[in-house]
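In what follows, a single structure is set out as structure tokens and then discussed.
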Amino acid sequence: MEELRSEILIDALNYIKQFRNKVFIVKLGGEVLVDEKVVKSVAQDLIFLNMVGIKTAVVHGGGADITNAMEKFGKKPKFVEGLRVTDKETMDIVEMVLTGKNNTQLVSTISKLGGDPVGLSGKSGHLFEAKKKKQKVDLGLVGEITKVNPAIVQAQIQNNYIPIISPIGIGADGESLNINADTSASELAVSLNASKLILMTAVDGVLDKNGKLIKRLTVPETKKLLDTDVITGGMTPKLKACIHALENGVERTHIIKAGYHALLEEILTVTGTGTMITQKKVIGE
Amino acid sequence: MEELRSEILIDALNYIKQFRNKVFIVKLGGEVLVDEKVVKSVAQDLIFLNMVGIKTAVVHGGGADITNAMEKFGKKPKFVEGLRVTDKETMDIVEMVLTGKNNTQLVSTISKLGGDPVGLSGKSGHLFEAKKKKQKVDLGLVGEITKVNPAIVQAQIQNNYIPIISPIGIGADGESLNINADTSASELAVSLNASKLILMTAVDGVLDKNGKLIKRLTVPETKKLLDTDVITGGMTPKLKACIHALENGVERTHIIKAGYHALLEEILTVTGTGTMITQKKVIGE
Amino acid sequence: MEELRSEILIDALNYIKQFRNKVFIVKLGGEVLVDEKVVKSVAQDLIFLNMVGIKTAVVHGGGADITNAMEKFGKKPKFVEGLRVTDKETMDIVEMVLTGKNNTQLVSTISKLGGDPVGLSGKSGHLFEAKKKKQKVDLGLVGEITKVNPAIVQAQIQNNYIPIISPIGIGADGESLNINADTSASELAVSLNASKLILMTAVDGVLDKNGKLIKRLTVPETKKLLDTDVITGGMTPKLKACIHALENGVERTHIIKAGYHALLEEILTVTGTGTMITQKKVIGE
Amino acid sequence: MEELRSEILIDALNYIKQFRNKVFIVKLGGEVLVDEKVVKSVAQDLIFLNMVGIKTAVVHGGGADITNAMEKFGKKPKFVEGLRVTDKETMDIVEMVLTGKNNTQLVSTISKLGGDPVGLSGKSGHLFEAKKKKQKVDLGLVGEITKVNPAIVQAQIQNNYIPIISPIGIGADGESLNINADTSASELAVSLNASKLILMTAVDGVLDKNGKLIKRLTVPETKKLLDTDVITGGMTPKLKACIHALENGVERTHIIKAGYHALLEEILTVTGTGTMITQKKVIGE
Amino acid sequence: MEELRSEILIDALNYIKQFRNKVFIVKLGGEVLVDEKVVKSVAQDLIFLNMVGIKTAVVHGGGADITNAMEKFGKKPKFVEGLRVTDKETMDIVEMVLTGKNNTQLVSTISKLGGDPVGLSGKSGHLFEAKKKKQKVDLGLVGEITKVNPAIVQAQIQNNYIPIISPIGIGADGESLNINADTSASELAVSLNASKLILMTAVDGVLDKNGKLIKRLTVPETKKLLDTDVITGGMTPKLKACIHALENGVERTHIIKAGYHALLEEILTVTGTGTMITQKKVIGE
Amino acid sequence: MEELRSEILIDALNYIKQFRNKVFIVKLGGEVLVDEKVVKSVAQDLIFLNMVGIKTAVVHGGGADITNAMEKFGKKPKFVEGLRVTDKETMDIVEMVLTGKNNTQLVSTISKLGGDPVGLSGKSGHLFEAKKKKQKVDLGLVGEITKVNPAIVQAQIQNNYIPIISPIGIGADGESLNINADTSASELAVSLNASKLILMTAVDGVLDKNGKLIKRLTVPETKKLLDTDVITGGMTPKLKACIHALENGVERTHIIKAGYHALLEEILTVTGTGTMITQKKVIGE
């Protein structure tokens, strides 16, 4: 056992060396936050990465809590041509849950396990400047990022904190805008010149038409895949977020299932656990 | 008019010079947050102080929003021997509203007016380490501060952000604890060696038995006052917070009504607008 | 009154924000230095700008004091083809008055009002390297700048001092050379990548052929104007100094009358008080 | 297996956190350097500690190579009253082997395994200032440390290099002096305010009179032990080195057998592998 | 010749090493400034010291130029009970000559020889805060230093400039005050924790009753000497300046004749050229 | 004598000014190390350069000591087609002597004379990454530099140490490789953007076919010379090292005889003492 421990630690070294002082952006989907055991395992992995000198920031999604809170507040979802409308009251609830519950619970979990997280709204320090998304129908306070000011995040990772960021954008009039968490993570990764963007979700990764995990994709392959009907639902924005990151300097992007220590496994093994997307084919892995 | 403007600006200089690069801690009571006009006026004042080089951080309270949200979530207040019990569910709601609503709205207002705020939970960076308050009856998740780690706030004020802090403490197991906002502000002021602690509230200041504003108090006078029955309700913790700050290095503390530009008026005039409490009698003012 | 004060302060914020940490170069004409009340008002304005984070340096001219001192020393002005000849003795007197009187009096005035000025000769730290101006007739020690070494000024403004600079150049052999103050200010502005060059004088600004103040000029318009006979006397070098600054990166140049708090009025109002010259037409002001 | 790996890594975290940015001084006995497999394992451990942010410096001994080289150079050991005499020629050979062979081989091994070591003589940067040891008989160039100048080592550990130091002192006339490696390591630990001094040797640790490993010792216990005849040979200077370190601010000292990953095992487990000596009894371990 | 050069350079090393990064304050008496050859030689020495890393600042006196200028301006010296009265007009002339002529000429000379001087009035950056000297008769604007703010000088020497300072103090109302140059140099030396204060004058040093140079003095010896009538005229304030410096942390003070490279000779030889005063007797020199 | 000293010092200033904060790389040939008096003189010169702010690093060769040691160890030189073969045992001896004797003796000499040297192997900090030199015959562990990592040297010269470097390269597997000292010095000079590369040897410089010293050469002239048979033996790699340095940014290279204070003479005189090679013809010297 003692020998095994040492060997595993020494083996981990080779991967750690490679990523020391690099920046990783991890996106935690709302669907992941519901499983306490998974969250704890992700938190431990984040602390490990932080401790060995990998600069990691987290963008999280929301999820069931939002729906739950909306019901409590008696807000009925409105839809126009099949799209959800986010009016001011809805936005208030969304923000309250994202920044006041999902975010602060992550901060608690990481703190409890010995890490030093800092919860941040995407509005703080004008992190995510945004404007209302132009669409045929007015969807209300749904926004798209117009500029990222990463200084507030950079300051925390330089001081060895783990920033936990809720995907709220700030409009020109200071108003809160609901922005997509995958896109936010991707834009943040680009602005911080990150080495990796890791999207953690509830599925194994990108699946082919037979439902089998695709281990490796290049940007051209991913674009081709997006033109087929294999990709559905929430996977589309994830793939677009990866492409955007890769075309703007991020080295590797990963879509992985938030399973038991999946983050460590992805980073500290050759094979990894989900789908890795890169600009070009990676030779020899 | 032009001449007046210049004279006012030049006159303000004398006060600004005195406080440049000093730290001010402002506590915004929950009762203040409800009046949009007042909040806007406070926000402008905070931006002004920030712009002229006074390092200012804000601790805010909660208020009506919490009661409102608790009703929505169907939580009925429990009392044991007249004291409110904060169970886990209640704490979740309190935190959600404080950090997710009151805090983020302040961030929005200050941003809209051109400032650069950063919202922070008192849990972030282990800012307010706390433990459950020992009391005869178990009040649940009501805490008292055991240690302040001001590094996270210091970093923001050094980078010229305006930190907006919700009064949530973090327990040894990462759990959230409801802590008193006046006390939090006072402890933060001490840990940052602040020049001023300013408690903004809905009343004019400390009133004597005839209901008349007391303009100046010393610590001994304040202690004597606390022994009488003149001081009631929320004023007691405020006075104790002031005494604690003054006995630990803060130079001056103020209890003022959050009226129109009251913060600027307090700082930029000789007379000020509320009650100023100091260690000893201030000669010549 | 209280409300007015706060409003004026808050209103000033919008302009201050825009210029914080920017560099302004102010040239004070010798004709301005004679009026004690004006000098005091300029000094207060400089302190205000300094206090709110605008990095300001002053180049001053000489004036009546020089003529006066020359008379005392029994030096009669020599002219060759209508141009004043600056022999060694004359130069000694010029420098003595500029650096020893005009400069030190500004230092006294600003200090008295609570600012922290540093008087500097243009020779110090090789600030203005110069050579004798080539002209048909030998005018003696009249120089033109060959190189600006702004490090000595930069160090002072970084340390929040207000540098007050006398327009003396240093030749290759260490000799003092009389250099034009407008040109010196313009060259300094360029070397420090200043946002504004403000020439303060005794007239309202650039006047048109009817003697009416021209509020706005572009570089092309100014060049055209210089070709007419509207511009006479000391205004020609001022306009050339503005053009030089604007063509080398300075954003805006101003020629204003050194009246009551004119500097603050120029900076903190939309309309300003004199003539503003920019590269291109400024839209929407 | 995957789960085990993650668990081991996460488990290691708890120890790593405790020692991050602390300084460890490791002394590698000459007897350890002969076993290539052991040296490789120590090298890997050093790299691991370095990578996770523990600042580690090594002082090494000499050994068989010195005897071997002396024979080659035809130097016969001289003894006066049973003590070895180090004349100039002998010292030259000792230094040549220590700094030129033992040291550079460690540098090679660590480099090969991916670390970034810097070989240093104790003379460089006046690291170990020394004088001839006063003894009844003149033993020649045997020295004792008079002053440690740790700046040269501090610079390397701050830059994340692993300093490898040969125990040569520098006399007032620049001459080389043979100094004891255990003492050198202890003095270096004190001068760098190290958390741990770890002496790696060929035996299991301190043994009691029955030859059984003593797991824990306090300084008073160690002093008592030194007065008995249980401690013999090379263990005496090691224990004295530990006492000196502990009495001058080093928190813990360890004497361990340089077995397979013994360094990692010692640091990353509760029980450790050899003898731990502390100032006072450690409660609860 | 080549050998000699090298030997002299190497020999100088021993002295340079001793004083590198130390601060020297040199006072140049007005009587010294009149001899161009001497000034050039002093300037070269200052540049040499600066170049080899000795941080040197100069305080200069005035002299013949002032008398000359006063005559030109038709100011007749007024005396009350044998003491010169400095009215406002006189002060203006004194300051104009000191800061505008003596100072700027030193700047020119040092610049010409390749150094990088910065001329400073003692008023700049509130360097010498002063008040009117209390005396039986009102002497007008004669001041004594109340506080030294050395930051402005420190900034220049850190940036490797050579500060040249005119002995003008600044009163509470910004007014200029005539302060003694020896005292100013002494106070500056104390505030900068200088190693040496060197007063350069026209005489060989302190002379005994037979007119013979006294090479070494201690503070007690100097005090005793001041009680005799051996010391007369300008030597009294010089000795007092030395005593003040020595009693406040300056290591050595020197009174030397400003002869050919006297500064270098004083510093780079054992014997020196004038009188050296120290706290206690210096053994072995 | 006093006057001469000052004049010489002042004269040296002009050269010192030119080179302050510049980097010089000095290569000391093994043939130079044998003469104790010469080594002492070089050491003094190095300390002088260091003291006046010229950043100097030394690469030294080996020499007689290696042959001597090899004999002692019974290693007979093997030659294949006239070239020496460096097997593992030979390499061990070479490294032991270079790093353990030649290097440490230089460290001692410089320390004794008051300097602060740091001995470094070319392996430390991966300074000289190397690979086996490809040649027709396998010469064993003879290497050529593939990459220079000058950070370790830069850190020492920034901290005012004098780095003394032995020309050992480190292979991909951490193995030691024997690399040419002239080439090493040249590569180091390029990587540090040095101003001068100075090769110190036993001959006067480059000699023409009549054995007369050539004082000046340009790169084209040197290349032409290499095509003739005038250049023989060790001079060829020296000239190639100079050409490589000059073609990669080093300003001047010198080949000089390591005579009495030759380094100072070369640098502090117009004529210098050996051969200076530059990119192009130097006008006016």
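Which chain is which? They are A, B, C, D, E and F, in the order written, and residues in each are numbered from 1.
In this text, a residue touches a chain if its C-beta (ideal position, glycine included) is under 8 Å from a C-beta of that chain, and two chains touch if they have at least 3 such contacts.
Note that the structure is predicted; figures quoted are calculated from it, not measured.
Across the assembly, the mean Cα position most removed from that of subunit A is the one of E.
With E-F and D-F as the two chain pairs, more C-beta contacts join D-F. For the pair subunit C and subunit F, the CA-based superposition corresponds to a rotation of 120 degrees in steps of 5. Equivalent interface to C-E within the set A-D, A-B or E-F: A-B (over half of contact pairs identical by residue number). Subunit A and subunit D have Cα centroids lying 46 Å from one another.
One simple way to say how far apart two chains are is to compare their mean CA positions; for subunit B and subunit C this gives 46 Å. Annotation: 54 Å between the Cα-based centres of subunit A and subunit C. One simple way to say how far apart two chains are is to compare their mean CA positions; for subunit A and subunit E this gives 67 Å. Of all residues in subunit B, none touches two or more other chains. With chains as nodes and touching pairs as edges, the resulting graph is a single ring in which every chain has exactly two contacts.
From subunit A, with subunit B next, the chains follow one another around the ring as A, B, C, E, F, D. Put simply, subunit E touches subunit F in their complex at residues 2-10, 12-14, 16-17, 20, 41, 44-45, 47-48, 51-53, 114, 260-261, 264-265, 268-269. By the touch criterion stated above, subunit A contacts subunit B in their complex at residues 69, 72-74, 92, 95-101, 103-104, 107-113, 116-121, 123-126, 151-152, 155-156, 159, 161, 168, 170, 173-176.
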